[in-house]
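See below for the structure under consideration.
Order as written gives the chain letters A, B, C and D; numbering starts at 1 within each chain.
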Amino acid sequence: MDFSLSHRSHDWLQRLDRFMREEVEPAEAEYTAQLAGGADWRAWRQPPVMETLKARARALGLWNLFLPERDHGGAGLSNVEYAALAERMGHSLIAPEVFNCNAPDTGNMEVLVRYGSPEQQARWLEPLLAGEIRSAFCMTEPDVASSDATNMRATATIEGDEVVLNGRKWWTTGIGHPNVRFAIFMGLTDPTAEKHRQHSMVICPLDTPGVSVVRMLPVFGTYDEPSGHGEVRFDNVRLPLSSILLGPGRGFEIAQGRLGPGRIHHCMRALGAAERALALLCARGEQRIAFGKPLVKLGGNADIIADLRIGIEQARLLTLKAAWTIDTQGVKAAMSLISQIKVAAPAILQQAVDAAIQIHGAAGLSDDTPLAALYALARSLRIADGPDAVHRGLIAKLELRQQAANREARA
Amino acid sequence: MDFSLSHRSHDWLQRLDRFMREEVEPAEAEYTAQLAGGADWRAWRQPPVMETLKARARALGLWNLFLPERDHGGAGLSNVEYAALAERMGHSLIAPEVFNCNAPDTGNMEVLVRYGSPEQQARWLEPLLAGEIRSAFCMTEPDVASSDATNMRATATIEGDEVVLNGRKWWTTGIGHPNVRFAIFMGLTDPTAEKHRQHSMVICPLDTPGVSVVRMLPVFGTYDEPSGHGEVRFDNVRLPLSSILLGPGRGFEIAQGRLGPGRIHHCMRALGAAERALALLCARGEQRIAFGKPLVKLGGNADIIADLRIGIEQARLLTLKAAWTIDTQGVKAAMSLISQIKVAAPAILQQAVDAAIQIHGAAGLSDDTPLAALYALARSLRIADGPDAVHRGLIAKLELRQQAANREARA
Amino acid sequence: MDFSLSHRSHDWLQRLDRFMREEVEPAEAEYTAQLAGGADWRAWRQPPVMETLKARARALGLWNLFLPERDHGGAGLSNVEYAALAERMGHSLIAPEVFNCNAPDTGNMEVLVRYGSPEQQARWLEPLLAGEIRSAFCMTEPDVASSDATNMRATATIEGDEVVLNGRKWWTTGIGHPNVRFAIFMGLTDPTAEKHRQHSMVICPLDTPGVSVVRMLPVFGTYDEPSGHGEVRFDNVRLPLSSILLGPGRGFEIAQGRLGPGRIHHCMRALGAAERALALLCARGEQRIAFGKPLVKLGGNADIIADLRIGIEQARLLTLKAAWTIDTQGVKAAMSLISQIKVAAPAILQQAVDAAIQIHGAAGLSDDTPLAALYALARSLRIADGPDAVHRGLIAKLELRQQAANREARA
Amino acid sequence: MDFSLSHRSHDWLQRLDRFMREEVEPAEAEYTAQLAGGADWRAWRQPPVMETLKARARALGLWNLFLPERDHGGAGLSNVEYAALAERMGHSLIAPEVFNCNAPDTGNMEVLVRYGSPEQQARWLEPLLAGEIRSAFCMTEPDVASSDATNMRATATIEGDEVVLNGRKWWTTGIGHPNVRFAIFMGLTDPTAEKHRQHSMVICPLDTPGVSVVRMLPVFGTYDEPSGHGEVRFDNVRLPLSSILLGPGRGFEIAQGRLGPGRIHHCMRALGAAERALALLCARGEQRIAFGKPLVKLGGNADIIADLRIGIEQARLLTLKAAWTIDTQGVKAAMSLISQIKVAAPAILQQAVDAAIQIHGAAGLSDDTPLAALYALARSLRIADGPDAVHRGLIAKLELRQQAANREARA
C-alpha cells in the first residue's frame, strides 16, 4: 500500500501546476473575452489565446498526457499517473483543450490508436494528436433512452462497398468547434446479430453530403462555446467501407474499451473542479462578514467544509484505485470501481458547487464566479457516459454476484 | 381543522386553471419566440403576447389577485385563499406577470398601498395596479453580505429638502424591463440611530440623473429576459424628501411588513413549479423505455416519485399553515412558519427539478423542457429573500425560546 | 382552510395534557421500577401503578378516546380530533395503555365493534373496552416476507364445524402481557379463491390447546415488558366456526378497514415522541457547555434544531390531513396520504431521536434518558404496519395513476 | 501509488481469515450461550470458549497484532498492515478479544509500552500482553461535556508522596469484566498550569480502597457483557506517586499519542462490521420473495446496495490512507485524516446496518441477527473517541488553515 505519487508523477505535476498557475488560469478572462458570446454557433471562433496556450503546452512537453502509447506521441503515463494531472487540469474549464486532453478527442484518439487502420491513423489521428483539428462522437439519440445503448436506432447500413448512415444524434460534444473535422458515428448495422454485435462505429468526415448540424443545445442556458453540444442529422450519408472502425458489428467492442479510462479522466477533472469550488467557498467564507463574524464561523458552515473535505478525499482515493486497477488488472476487473467513481465524483462535485454557490449568495448564480459553469459541468456528468442509475445498477449486479460467490466459497 | 378550499377559493381556482390551461400555457412558446434572446438587455422588448394575455386576464377579473385591499383594486383574497392561486400560477414561468402578480411589483404595490402617500399612490401605485409600468426594488449590494441586512452601505442622505442616494445595488430584479419606471431604494440615512432605525426606503424614478444600470446578471447563464436582474449605480441621485416612504429611518419597519406574504407567494409558486417538474418526470418516466421497461419501473424511480409526492404535499401544507397564521394572527405570530417554508419549499422544488432532469437525461439540461429554467428558479429562491442559513438560524432561535418557555411553564 | 383545533378538541387536549403532566409523566419512573426487568417473560407482571393510572383516566373520562363509536363507550371523536390527543400521549411510552389506547388492542376493538358478532362482542370486546384484558394480533410470520401479506402461510382450515389453526406467527405484540386473553389470528383458508379472498381472521383464546408462546423477541435488546413481542406456534388449534370474524375468506377485507386509522394513531404518537426528543435535545443543548459555549451555539446544532422543527411540523400537518381525509372522504380516498405519513412520521422521529442522542453524548445511549427506547420505537415503526418500501411503492403507483388521469384530462 | 496488500500483510490476512472462518465465527453462538445474560454485572463470567479461542490464537501467532513494537511481543506490523487484519476482526463482535486486540486494552498497552516505567510495565503490561488480565480507561465524566476534554473535573491531586484521585467517571469500558485489574485514570492535577498541562494519567489498581463501580450502563438496552461500560466513583483513592504515567501534568501529551492508531483500529473494525451488514443484506435480499420477486429486485434496493458498496469502499480507502500517513509521516500529519475517518467510517456502518435491518424486516430488530448489536456499535462509535461534531470542527479548522496557506502561496 502506497499513497504517494511516484517521483515521475510528482515531477509532471509540478511542471503542469506551474504552467496552470502562471499561464492557463491567468488567461481565463482573456479566453472568455475572445468568445463571440451567443447562441449563433456559426459565428463561433476559436479564441486565439487558446492556440497560444496550446503551442506553449506543446513546447513544454505538456501534451497528449492522457495517451499511454509513447509511439503515438503520448506521454507514456499510466492511468494512475495521469490521474493527478487530470485533476489539476480540472481546476480550469479551459485547461483540457490546452493540453490536447479534452473530451471527446481523447476518447477518439484512443480509439484510433488502438483500432484505427494505418490509413485512418494517418488521416485523422495525426492531426488530432497535433491539435490541428477537433473531432466529435455521435452516440446519444434524441428519440430513445440512451442509457440503454442497445436502444440505438440510427443506422449504418452496408450497401455494396459503402456504409450508409441515417438517423439523428444529439449531445454531440464539440460539433460546433470551428476546427471540428470528423465524427465517430455509432449505428445499427445488423439487427439480426447477437445484441452486442449489431452496431458499427464509422468515421464520418463532417463535410460529407447528408451531414447537417440542426442546432446547438444549451446546458443550463450556456452553450460551451466554441465546442458546443449539437444535434446532428445523417441523411443517406455514404462512406466507403474503409470508414468502419475495426469492421462491421464491432461498435460495442470498441465502446467498451473506450469508456474506462475516459471516465477516470472525467472523474479526476471533476475532483479538481470540486477542489476549486471548495477553495472559493473557503475564501469567500473567510472574507464575508455577517452578524459580526466571517461566514465560516456561522451556523453549519464548518460542518459543510468538513463534509466536503471528507467527500472529495474519498472520491479521489476511489478514483485513484479505479485507475490503479485498470493499470494493473485491466478494465474488466475495474468495472465496478469505474461505475462507483462515475457515481461518486460527479455527486461530490455537485455538492461542493451547490455549497459554494450558497455561501456566495446571489453572486454564485452569476458568471462573476466559475461556480454556475461548474454546476452545469457537475449536473451534466451525472448523465453523460451513463446516468447514475445505470451505474448503480451495474455496481449492485456485480456486488450481488460477488456476494453469492462468497457465500458459495464458505458453504 | 379543515383542509378544504373555501367555495370562493375553489371558484377562483377553477377560473384561473381554465385560463392557464387554455391560454397561458399554450402561449409559452410564442412568448419565448418573441424574446430578443440575448445578453444585450437594451434590446429587450416586452413580448406582445404578454400584453395580450394581461388584457385577457384583466378582462376575466383575474387581476391583482395578490392584493387583499379591495379599495385599491385588489381581489380581496386572504393569504390562504390566494395561496392556491399562486401555486397554480407557479406552473408557468410566464404566468405571474400575466396576472400582475409578479415580484417585485407585488411587494412594491403592497408597500405603496400601506405606506404610500396619496401623491405616491397616484403617481406610482395606480399605473402599477393597471399593469402599465413595472418597478424594481434595490436592496441587495455587491460589496457586503446582504444576508445581514444591517450591513447595507448605500446611503440615502438628507441634505436640506432633498434626499441624496449613493451606492451600488445588484440583483435588482425587473430593472431590465422595457416598462420599468421606478425603483424602491433602501439606504442608510442615520448611522447614529438605533440599528433598525438607520435606513430609509426611497422611491426613485429611474430617469433621475445619476441612476445607471451597469449590467445584467445571468442566473446559470440565463437573464430572465425581459425583466432581468441588474447591477445599478446611484451617483448623487437627488430627490425631493417626499420621495421617502413613511419617513426617514423607517426602512426596516416597511421591509418587515413586506416580507411575510411575499415569501408565501414565492413558496406557493415554487410548489406549483415542483408539481410541474413531478408531472414532467412521471410523463417521461412512463414513456421512455430502457432495458425493456418504462423508466418508472426501473431502479429507485418509484421511490423518487413517492418521496417527491410526500415532500411537496408536506411543504404545501406548511405554506398554507403559514398563510393561515398570517391571516388569523398576523405576520409576527407566523415568523417561524414563514422561515420554515422559505427553507422547505425551495428545497423540495430543487429536489423535484433535479430528479426530473435526471429522468429526462441530457434533454433535461437543455431548453427543450422548462426544467433548466425551473432549476435556476429553485436555486435562486434558496438565496433570495434571505438565504437558507438565515432562516434556519431564526427558526432555531424561536424554537429555543419556545422550549425555554415550555420548561419554565412546567417547572 | 382552518388549522385550528375545534373547541371540543381543545378542551379534550387540555384535560389530557394536565393529566399527562400531573400524573402520567411523573409516574414513569415508578412504572419502570415495578417491572421485573428481564428476558424471562413468564415472570412479567403488570405494574400496579398502571392499573392505578388506568382507573384515574377512566374516572376522568379520558378513556377509549380512539374509538369513534359512542354506543360502545367510545369518545365519539373524529380521527382529526383524536390526532391531537394521540400526539400528546406519544410523549410518554407508558401513556397509551393508561388511556386504553394502545396497539394492538385499539385495532382489535375497532374490528370487534365493526365486524364482531354480538357473542364475540360480549365475550371479547366488553372486557377489552373496560381495560380488564389485553389482546394480540397474529399476522406476521417468520418464514416469509410479510411485507407482501399474500405470502402468509399459516392456515385456518375449515374442517366440519371447526376451524383449525396451524403455523408460526411472530412479532405478536402484547402476547407477553399477564392480562392477554385472546389473539386475532389471520391464516389461509382457501388457496383456490381469488387472491384477497383466501384468508380468514379468527378469534383465538390463548388458553386453547395447541397455542404456545415460543419466546419473546427483543427490539434492540429490550423486550417492551410487560407486553412484549412474541413468537407463537399454533398446532392444530381447533375452534368453533363462530370464531371466524365476518366469515371465511374475509380477512383482507377486515385488515383493510383496520389499517387506516391505526396508522394515523401510530404516526401522531410518533410525532409526540419526536417533540419529546426535540425538547430533550434543546434542554441538553442549552445546559451543556463545551469550548465555552452551550452546545446549541456550536457547529450545526442550530440547523439541526431548525430542520427538526420543519420536519415535525410538516409531518404533523400531513398526518392531520390524512386523518381529515378519512373523516370526510373515507379510508380509500386517503390511501396515498396514509402511506405518506407512514413513511414521513417514523422517519422524522428517527431523525429527531438520532440527533437528540448525539447531543446527549453517551448518556443518550443508556437508559438514563428515554431516547434509546424512543429510537427502538422509531426504528420499529419503519417496519411495522408495512415497511417503508411497500408504502413508497403504493404512493408511486397512485401518483402515476393520478398523473396519467391528469394527462388524459388535458388531452 | 499502490493499492495492493504487501505479501506479508496478505499472508497474515489469510491466516487470520482462516482462523476467523473456521474457529471464531462458528464459536459465536457458544460464546453467547455461555454469557450469564443479565443486567447484574457482578454475576458476569468470562465465557470459557473465549479463553480457548485466545489460547488458539496465541498458538497460531495471531496475538497482539495491533502492537508495532516487536520487543514487547507485538507483531511488528505497521498501521496500514494491521488495518486489513482489524477489518477482518470487525466481522465478529467477539473477535477483538480473541486476538488480544480489543479496546481499551490495546490503547492501554500502547501507553504502557511507550510511557510506562519498567516497574509499571512489569506489573501491568506483561499480564495484559499475555491476555491474563484486562484493563479500563477512565476519562469520560457524567457531569460535563466530555467532547471538550478540558472540561474534565475529576482530580488527581498530589499530596506529599501520594496522588489522590477523586471524582466520577462513566462509560468506562471493560470495567465489568471478571478479569479487569486496573484502570488508567485521567484527572486534574494543577488547575493553574497551561491548559493542556493540567491533567495527569494515573494507573489505579481496581482493588484500591475508594474505587467503586456504581452501575453498568446499557447501550440500546444491552450491556456488552462481560466487559460492560460502567460508572465508577473515586473517593480519596490514594496511590504512590509512581503510579503517575510519565509524570504530573502530562495526561494530554499521552492522550494525544494514544488516539491516532486507536481510531484507525475502530474504523477498520467498523468497516468489517459494515461488510458483514452488507453481506447479510444481500443474502436476505436474494432469499426473501415478495410480490413474486426476490427483494433485491424490488424498488430502490439495488441502489441501496450500490451506495453502500461505494460508501464502504471509500471509507476503507480513507482509513488506509490515514494509517499510511501515520506510518510514513506521523500522527500530527495525519490529524485531519484521522478525524475524517472517525466521521466517515461509523457513518457508513450506521447506514449499512440501518439498510440491512430494513431488508430483514422485524427480524433485523431482534437478536436473531447481529444487526441490532452492530447498530449499537455504530451508534456508539459516532460518540466515542470524540463525537462527530468535534471531528468535523477540527477538519474544518485544518482545512481553512490549509486553504489560507494556499492563497498566500499564490499571492
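As a working rule, a contact is a pair of C-beta atoms (placed from the backbone, for glycine too) under 8 Å apart; a residue touches a chain by one contact, two chains touch by 3 or more.
Here is each chain with its UniProt name: A, B, C, D = Acyl-CoA dehydrogenase family protein.
Note that the structure is a prediction, hence the values are computed from the model and not measured.
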Original post:
Out of curiosity, which chains are bumping into both chain B and chain C?
Top reply: A, D
Original post:
Measuring centre to centre with C-alpha atoms, which chain is farthest from chain A?
Top reply: C
**OP:** Provide the C-alpha centroid distance between chain A and chain B, rounded to the nearest whole angstrom.
**Re:** 38
**OP:** Could you put a whole-Å number on the gap between the CA centroids of chain A and chain D?
**Re:** 43
Original post:
For chain A and chain C, what's the span in angstrom between their mean Cα positions?
Top reply: 52
Original post:
Which chain D residues sit where two or more other chains touch them?
Top reply: 299-303, 389, 392-393
**OP:** Enumerate the contact residues on chain D facing chain C in the complex.
**Re:** 37-39, 140, 142, 144-148, 151, 170-171, 217-222, 229, 288-291, 295, 298-301, 357-358, 361-368, 372, 375-376, 379-380, 382-384, 387-389, 392-393
Original post:
Tell me, which parts of chain D touch chain B in their complex?
Top reply: 299-300, 302-303
Original post:
Across the complex, what residues on chain B touch chain C?
Top reply: 1-6, 9, 21, 80, 278-279, 282-283, 285-286, 296, 301-303, 305-307, 309-310, 313-315, 317-318, 320-321, 324-325, 328, 336-337, 339-340, 343-344, 389, 391-393, 395-397, 399-400, 403-404, 406-407, 410
